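Several structures are given next for inspection.
Same chain, two partners: chain A is paired with chain B first, then with chain C.
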Partner chain A sequence: MQLVVNIVVLASIYALICCGYVLIYRVSRVVSLAHGELMMLGAYGLYATASLFTGHPLGAIAAAALLAIVLGGLVYFLLMRHMTGEMVLAAVLTTIALGILLRGVIVLVWGAQEQHPLHVLGWQNVALPVGPRAKISVVGLTLVLTTAAVYLGLWVFLRRTRWGIRMRAVGQNPLLAAQRGIGLHGIYALAWSLATFTGGLVGMLIASDSALDQGMVVIGLKAFPAALVGGLDSLLGTLVGALIVATAEVLLIHYVNPLLADVVPFLVLLATLIVRPWGLRGTREELDRV
Partner chain B sequence: MSVPNASGYFRTSYARDMALLDTRAQRVAAGVFLVLALALPIVDAPFLLDLANQVLLAVIGSVALMLVNGVAGQISLGHAGLLAAGAFTTGILVREAHAPFWVTLPAAALVGALIGLIFGLPSLRLRGLYLAVSTLALHFVVIYLGNEYESRRGYSTGVVIDPPSLWGVALTAPRAWYYVLFVSALAALLLGVNLLRAKTGRAWRAIQGREAVAEALGINVPGYKVLAFTVSSTLTAVAGALFSYYRGFVSAEAFSLFLTIQYVAMVIIGGMGSMLGAVLGAVFVTLFPYLIEWLMAILPTPAAWATSVFAVNYAAFGLMMILFLLYEPQGLVGIWRRIQNYFLLWPFQQRPRGG
Partner chain C sequence: MKRIPVFVMLLGLMFAGAAAAQDAYVIGATGAMTGPAAANFAPVLEAMKAYLDNLNAKGGINGKQVQMIIQDDSGEPSKAAANAKKLIAQDKVLMLVTSSPSSTYAPLVVESKRAGVPLYYAGAVCPKETYPPADPLQFCSTAYGATLDSQAALAFVKAQSTEPVRIGFATMAIPIARAEIEYAEQLAKQLGMTAVDTEITPPPTPDYTPFATKLKDANPNWVYSWSPWVSQVRTFEALRRLGWNGRYITWAHLNAEEELARIKDPTLYVVGTNALFQDNLPIHAEIRATTQRANLKYPATYLAEGFIAGLVAESVLRATAWPPTPAKVVAAMNNLKVDLKGLRGGPLEWTADNHFRTTQHYRVWHWDAAKQAIIQIQDWQAIPVKR
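And now, the complex of A and B:
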């Protein structure tokens, strides 16, 4: 029973991280390898606002979320905008460079030791009983609910709203979309903002659940296989992918060897690449366009 | 090679066209460089020699990465994993079987080739980023296996490797290492240059340019991609084996993702698709941390920075990569070519018509 709870929490972490990868990939065909670092920056944003807004935890969270949105836009306008229309390879390398830059800056600003933003907010992470023998932490529960809300929100946004439809159009054919009067830079910036926002959210939640340090980058990378297993351009597929990867990880760690923690997602990834490389729900011709 | 030549220079035979060094000036320059490089260990400065050795090791790795990344256009994020594979092959063979140098080195190469083949295999069905991601998986798998070996055998801090012996002489002095590494780096470089001039290199360049066109030209695209991965990973594993011998120590922690990023940076900063770029990038990236350290010593910096030098390194490093990607995508080689062209074309700005 506890295993099931662990799987669900881990799957929602992966799913929430992955929607950042999927959003950016779907719109601009770029895999953002700085996502882990942006997550970490979002979490440190919460840490900073928490000490700024003492006594107003909700205000601090809102401010940190706003910061993450602005950060995503800034990343696009200051950096990735120059890579629009360049080779995808160059853009991916740029995100790697951005990641390493952010990692350095974060340590310079906040230091390398562990931080606990939840304590700064003045909250405790209590465990709630689920059923007879299992427990879930409050933050874990929030994580699951947030993931559900974000996915629902994104689904409505991409299907029903004008900007969401524009975003899908740009993802399908940027040239045609631009000729129809859709501002590409605005759409790309929106994608980066949304991705950084969701990344920031999951960063804050992970930091609240355990602790905030450099290890978050590895979590960000480990989530990437989930996106690929599900199909890099499909949000629904990502949800399934996250569930598969999380199940494999939790079960193998529990029954085989805890050292496996960092590899399992990548083993699942390799299996997928061999059997069904476009992922569970990705489009097949996708591969030819990359 | 593709350098523009001054006027009055004509090749008159195929032999000259094929020669690596076809003018007297080039031969003299190469000779002077060789003599200087071989004479370097006369300087009795252990620090300088260690730096030179590090640069030479980096050259082998960056040549390998340049082939797959800069020439064939495939992002490989498993470079540290491949280095680790070579290093661990050596470490395990030395610890478990007391294998000599001449056994471990080919074994490392074989393991590297095998890994390159396996992880290049997805390219039979995959293109672009999907392929790159499988190399990221490779990194984590190799590091896991290394960690597993360390913990199973109780080498919790790492595997100690005895210095190898060549023809009965134990290789311990940095000076001896310098010559071994110099020859290895030169061999790797020659291999790279010759691959680029040959059919293989042309096929790789075509694949980088546009895969559909390469395929239409009759190039076996998946085959050449797997070949790129295999050649690159073989060379990288050998570099890893040499690295482990040089350090006398193998530990999974030494092969972090940051190492991969450093090698990727060598390719970018040096200049995509050029062997000269691979060398320049290796020199630049290897010396960069020392440059930062020196700058921090002479410039006024916040006191807090002194305790986290690695963070300053990371930040400066990322910034440098971004600057090169945005403003000098051709890398150091691009700068070098511009300077060269300036003098070759002077007083013109560009090649005159009919010239």
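And now, the complex of A and C:
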């Protein structure tokens, strides 16, 4: 039972991280390699607001989430907007530069020491029983519920709301969408804001479950294979990919060798690329372009 | 026309810099000032520089200023190599200092040997080459030392246990940490303990629970961990959340004092060689004052290791007659005895044969729930460093 809990929590982490990759890629065909840094900045945002709003943890969380949304919009308007119409590779390289810049800024502002936002919020990460033999931490449970809420929310948003349908239209054919009067910059900015928001959420939750340090950047990249396994332009595929990667990782750690943890996501990715290069639910045409 | 004055200014600055350097003891440092490992390494160099700057404000050493140049290598070997080349060839440093993960050592050793400049590990784990018989150019004052730390930790486990010891191990997937845990497994068997499981986590991992689950399932009553703090403490916290009630002993990194007070778990023990700030020694007050003056980002409790490096550098340079050369610095380092003012259990001694220390002293601390404070559970235990 504990293994099932571990798989669900790890899959939730990967799925919530990959959500940001998919949102940006699906709309603009850009793979954001600054996603790990944006996650980390979201977590530092929580640390900052928790320090500011002492005694008001919910206010601190809400402020940090709002900051993440604004940050995503700013990244688009100040930086990525200028990449519109340029080669995709140039935009990807820009995200790498952004990541390097953010890492430097974070060290300058907060230093390199480990931080504990949950401790600053005044909360404890206690364990809850799941059946007679398994446990889950409160933050772990929140992670699972948040991932479910985010995916459900995105599904409703993309299927049922005007802005969601516009976003899908821009993703499918930006030229036609623009001719129909959809403002591309607004949609792209929305995608960046949503991606940074979800990235910020998972950053805050990982930092609350364990701690906040610069290793989070690597975690952001480690989750990337799950998005590729599922198909880089499919949210549902990402959920499936995250579940497959997490299952393989947890089972191999437990039954074979913990040293395999680092390579498992890439082994699963390699296997998927051989059989189905565009991912389990990705669009074949889209990846051929890349 | 506009470019000429800029060019002239740059030339002027270059000559001014060179002139200043010629009138100062110049030491160069490469360290993980940024990157995932920075928390363990950056405070050492920042504190060392603050110590030397403070010394400069009091008149310097032998009437000369000490210039410390710090380069960031982010814990990456390629950057460390480039830094070492620049520091040796361009800045003409007398001593190369490092505070970075062990993966950066190889290129530093190559550059150090090529130029005959001593390599001083100030905040990075001491390599075997500094133990007797020592490499002529490698020196180390860092608190943690391979094999000795495990000897101290497992001796404590044995002394504390009345029941048979079933011990688990946790470490990070980096070469030096894995080697130490392999050594500890063998040592545990020699001491009559049963080694039940070893978990090696990648650096970093999003969730330590899968590793902790396997460790808990092996049912140890003790766990020993020797790796960067992140892996040590997150494995412990994951074990506790799974309901494991055993005792956990781990290395006292720079942030140990702060972390013991945060976690408040009476059966989490840390073993280390640097006195904690709860001792409130006069040198601790000095560290606090220097931290405030230099406006350092890190809490004073992170800075003892860097101050030790400052004390060592001061002693070495005091014994280096003007004009200094790397060879004179090596000669001074080969015959060194530094009073660490209580920061460790004894003085730091280097000889021509031993560039680590002649005796390593260990203490063990934990959180006392009744006193709501960190207490020493074992005072200095000396382990002689033998060939």
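Operating definition for what follows: the second predicted complex is superposed on the first by the 290 of 290 C-alpha atoms of A that agree within 3 Å, B and C clash if a C-alpha of one lies under 4 Å from a C-alpha of the other, contacts with A are read in each partner's own complex, and residues count from 1 in each chain.
The criterion applied here is as follows: contacts are C-beta pairs under 8 Å (C-beta built on N, C-alpha and C of every residue); 3 or more make two chains touch, one makes a residue touch a chain.
Keep in mind that this is a model prediction, so the values were computed, not measured.
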Would you sort A:A90 into first (chain B), second (chain C), both or neither based on which partner it touches?
first
What is the contact status of A:A112 with respect to chain B (first) and chain C (second): first, second, both, or neither?
both
For A:L269, is the partner it touches chain B (first), chain C (second), both, or none of the two (neither)?
first
One more residue to check, A:S193. First (chain B), second (chain C), both or neither?
neither
Classify the contacts of A:T142 with the two partner chains as first (chain B alone), second (chain C alone), both, or neither.
neither
Kindly classify A:D209 by the partners it touches after superposition: chain B alone (first), chain C alone (second), both, or neither?
second
First (chain B), second (chain C), both or neither: which does A:G104 touch?
both
Quick check for you: in the superposed arrangement, does A:N6 touch first (chain B), second (chain C), both or neither?
second
So in the superposed three-chain picture, is A:L259 touching just chain B, just chain C, both, or none of them (first/second/both/neither)?
both
For chain A, what residues appear in both contact lists, the one with chain B and the one with chain C?
103-104, 107, 111-112, 259, 262
The residues of chain A that touch chain C in their complex are 2-3, 6, 9-10, 13-14, 103-104, 107, 110-114, 116, 119, 125-127, 135, 137, 140, 206, 209-211, 213-219, 222-223, 249-250, 253-254, 258-259, 261-262
Chain A-facing residues of chain C, complex
33-36, 38-39, 42-43, 173, 199-211, 213-214, 229-230, 233-234, 237, 240-243, 255, 262, 297-299, 302
For a test of understanding, state which residues of chain A touch chain B in their complex under the given definition.
31, 33, 79, 82-83, 88-90, 92-94, 96-108, 111-112, 221, 224-225, 228, 232, 257, 259-260, 262-263, 266-267, 269-270, 273-274, 277, 287-288, 290
In the complex, go through chain B and note every residue touching chain A.
73, 75, 77, 121-122, 125-130, 132-134, 136-137, 140-141, 143-144, 147-148, 151, 257-258, 261, 264-265, 268, 304-305, 308, 310-319, 321-322, 325-326, 329
